[in-house]
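Okay, handing you the structure first.
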Amino acid sequence: MTQPLLAVEGLSVALRTDHGLARILDDVALTIPPGGSLGVVGESGCGKSTLLRAILGILPKGATTPSGRIRFQGRDLLAGADWARGRIGFVPQDPYLSLNPVFRAGDQILEIMRRHAPGSRADHRRKLVELFRAVQLPEPAAALDKYPHQFSGGQRQRLLIAAALACDPALLIADEPTTALDVTTQREILGLLKRLVAERGLGLLFVTHDFGVLATLCDRVAVLYAGQVAELGPTRAVLDTPWHPYTRLLLACHPDRATTLAGIPGTVPAATAQPSGCRFHPRCPLAQPACAAAPPALLALGERAVACPRHEVPFG
Amino acid sequence: MRRLLRDPVATLGFGLILLAVFVALFAPWLAPYPDDAFDSHLLQRLRPPSAEFPFGTDNLGRDILSRVILGTRDALTVALAVVGAAMLIGVPVGLVAGWREGWLAELLMRVTDVFLAVPQLILALALGQLMAPGIGTAMLALALTYWPFFARTVFAETRRLRGALFVDALAGIGASPARILLLHVLPNAAPAILVRATIGMGFTILTAALLGFLGVGAAPPSPDWGLMVSEARQHLPEAWWFPTFPGLAIFLLVLGFNLLGDGLRDLADPRLRRSR
Amino acid sequence: MRCRLAELLTAQDLVVELGRDRLRAVDGVSLSIAAGETFGLVGESGCGKTTLARALLGLQGVAAGRITLAGATVTATGRAGRAAVQYVHQDPGAALDPWWRIGATLAEGLTIHGVTDRAEQQARIADMLAAVGLDPALGARFPHELSGGQQRRIGIARILLLRPRLVILDEPTAGLDLSVQAAVLRLLAALRDRFGLTYLLISHDLGVVRRVCDRIAVMYLGRIVETGAAASLFAAPRHPYTRALLAAAPHLDGRESAAPPLSGDPPSLRAIPGGCRFHPRCPIAIPVCATTAPAAENVTAGHQVACHRWQEESPHA
């Protein structure tokens, strides 16, 4: 058994708010093998961005010290993550907000490389031009000296992918990198990410709310609900035969699948007032008294895992 | 309001203003010698502070404490009138210039710029020469030079709100520009106007005192703080109490308005750091 | 499929020029929306969909062309002559004045449209709040006291109170979670049936458009390149741009289209290509595409496409 690239074990994070302690993540466990890709999917407020922030070590002020462990290449990131900077590349959500408009794009990336990658500035420049070519920016050499506003939205996202790859990471983390883009541009960016990850043997942690994007990019998927893993498994299997009632209902809302526009009754609970037992039980058509009493364990069944004992029961 | 009181500095300013308003409202009852606004008692001139006269007496033997108390009302009235008049001119100009595009907006803002360029004191001195110098002339000069600040503030707010989605939605359901401006843009701009007015109050009190000091504001024997400081000049350094207490009153009231204004500004836009 | 109904709104050869540079954001658009249907307008950012909507509403002046509403020409009437056409913003919650109580905001629209009797206003507001699934007591609240979903419903209620016939929905599901999106679409469908509404739905999400629209127009750089019934357009798209859009939408089964992705970013209104506007990015462009703009041709009755090569290429979705 090879050592996983990233292993999140029993991760819990809470946030102090005006309304009390918000339990954003609760006992989350995930692994990504070297070269594997995991999609984390869930609706707003499910904790997916907090998960990313915990891994990147950029939790917001007011967050409690996370409990559990995040191992990257065998070492715990929660015990200090400086050594891992540069080895984890991050592609942010909004290409328009993620570059400082008053500095040249190339200089901003070279500054990251100066801090986290060995080599001289000339080496870095040469390497960056190569990267710009790899992400298919037009005129890679000239792009170094352009300002962010001289690039279109799609080109900026390419720039940010190049920036994420600049220090030769082993893991790429992407936070909905295409939501700000048009569909045709999205397709190009997803294709590019897929190719780069395969060519360079990178691990990929991809956060999204779009199952379609997930299906094209990731081998495995983790469905988060209210800060907990509801279901985990190979993407194809989970999307074809979802087990958890939440995953089933959510996929039934997808325009590709929807027979009626059913939606899911109720709303995602506030993180300060999580229901007892299974957090989905107030909205679940299969709920029984036992569901409100104790939280279900994550049942591992072969390659898949599901946090619902009634996953084989069809909807009535 | 509760959030304002959480800010100790702004609360201090608010307290100073409340105190001044209280003093102004009940001045005739608070002042130990209410008639000393105009009466003179030459026998007791220039007495130092004592139990009888806590702030001492002036060159005409009047109780300075009483005159400081009686002057509060004038200072606040002048400031209110000037700021009110400036708002009456500046707010409509800002609204119209901010809403419209084209020559009218350009014209209004250029006129605003011209008035902004006129030095306040020089206009007051010039008006004083043209008309009779007095508190009325001083107030006119202050209002004429302060309204552009309101016009600028409201202009900026209107321009910002004109692009807001809710204004677009109102236009979408057929609301007239007058309705949008008066019922929607104006209330949304109110915090900015209030901040500007509060700071303007302090500024006006200071300038009115300065004009009194220069002799183009309030005329003797009215208990004007600036005038009192001016009259005290001939008796320095012996009668130190004569200019000190009116000066202190000016200082505290202006400070109060500025602290409150700063606090309100922070409330209206918490992203801005406190400006000093 | 609905049967062919009377035309409610039409535009003929509409041209809209923006700003001092007179950029042609809409250049020769013709469309007709039948009463009772849901008409989808699809295109990527900057294609002119929102400008077209504003022109149809009368909020944006028209440089050329004609707009008719229920048979009457309204091109020159401005906003006032088109109360039957209303617009729901992408984020209707942000379209509420933060300083006004919900009830006052709702009543304001009625006041503007001549319903000034307090009792009647209150009765209509209570009915409408119930119709969009909200407690009438919410009228006493301020917008920031409501959830995003409630704000959205209020924004829709505010428009429906004016009793429009055509409602323009601007990206009604953009940025929404799947389950919320489903709820919004279901609400919109229920309201359409209850109030006999016609929708013009602007969206870049083909999945949503496919589910809810009867007919669809695809817009590219100020022009409509293809229009037709949703079923036939999705089954057999004729324009290479429509095909590229369909190919770009990710699918649940992970299948990827054989069609090559488009190259380059969408061109700008400041440098509109000659001939067919799509030709610099088109995988099947031929020399004539760069010189002559294609005219709209009938593929079948009701399905039109503006492409020189629509007959040669076999469609594949």
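We just call them A, B and C in the order they show up, numbering each chain from 1.
Heads up, the rule we're going with is that contacts are C-beta pairs under 8 Å (C-beta built on N, C-alpha and C of every residue); 3 or more make two chains touch, one makes a residue touch a chain.
Note that the coordinates shown come from a computational prediction; the quantities given were computed from them, not determined experimentally.
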| item | value |
| --- | --- |
| Interchain contact steps from chain A to chain B (minimum; 1 if touching) | 2 |
| Pair of chains joined by more contacts [C-beta pairs], A-C or B-C | A-C |
| Chain whose Cα centroid lies at the greatest distance from that of chain C | B |
| For chain A paired with chain B, centre-to-centre distance based on mean C-alpha positions, whole Å | 56 |
| Chain centre separation (chain B, chain C; CA means) in Å | 53 |
| Distance between chain centroids, defined by C-alpha means - chain A, chain C (Å) | 32 |
| Of all residues in chain C, those that touch chain A in their complex | 44-45, 147, 149, 175, 177-183, 185-186, 189, 204-208, 210-211, 244-245, 247-254, 256, 261-262, 265-266 |
| Complex interface listing, chain A residues touching chain C | 43-44, 152-155, 179, 182-188, 190-191, 209-213, 215-216, 235-236, 239-240, 249-251, 253-258, 261-264, 267 |
| Chain B-touching residues of chain C, taken from the complex the two chains share | 57, 59, 79-80, 83, 86-87, 89, 91-92, 94-100, 108-109, 112-113, 155, 158-159, 162 |
| Complex contacts: residues of chain B adjacent to chain C | 165-166, 168-176, 179, 183-184, 187-188 |
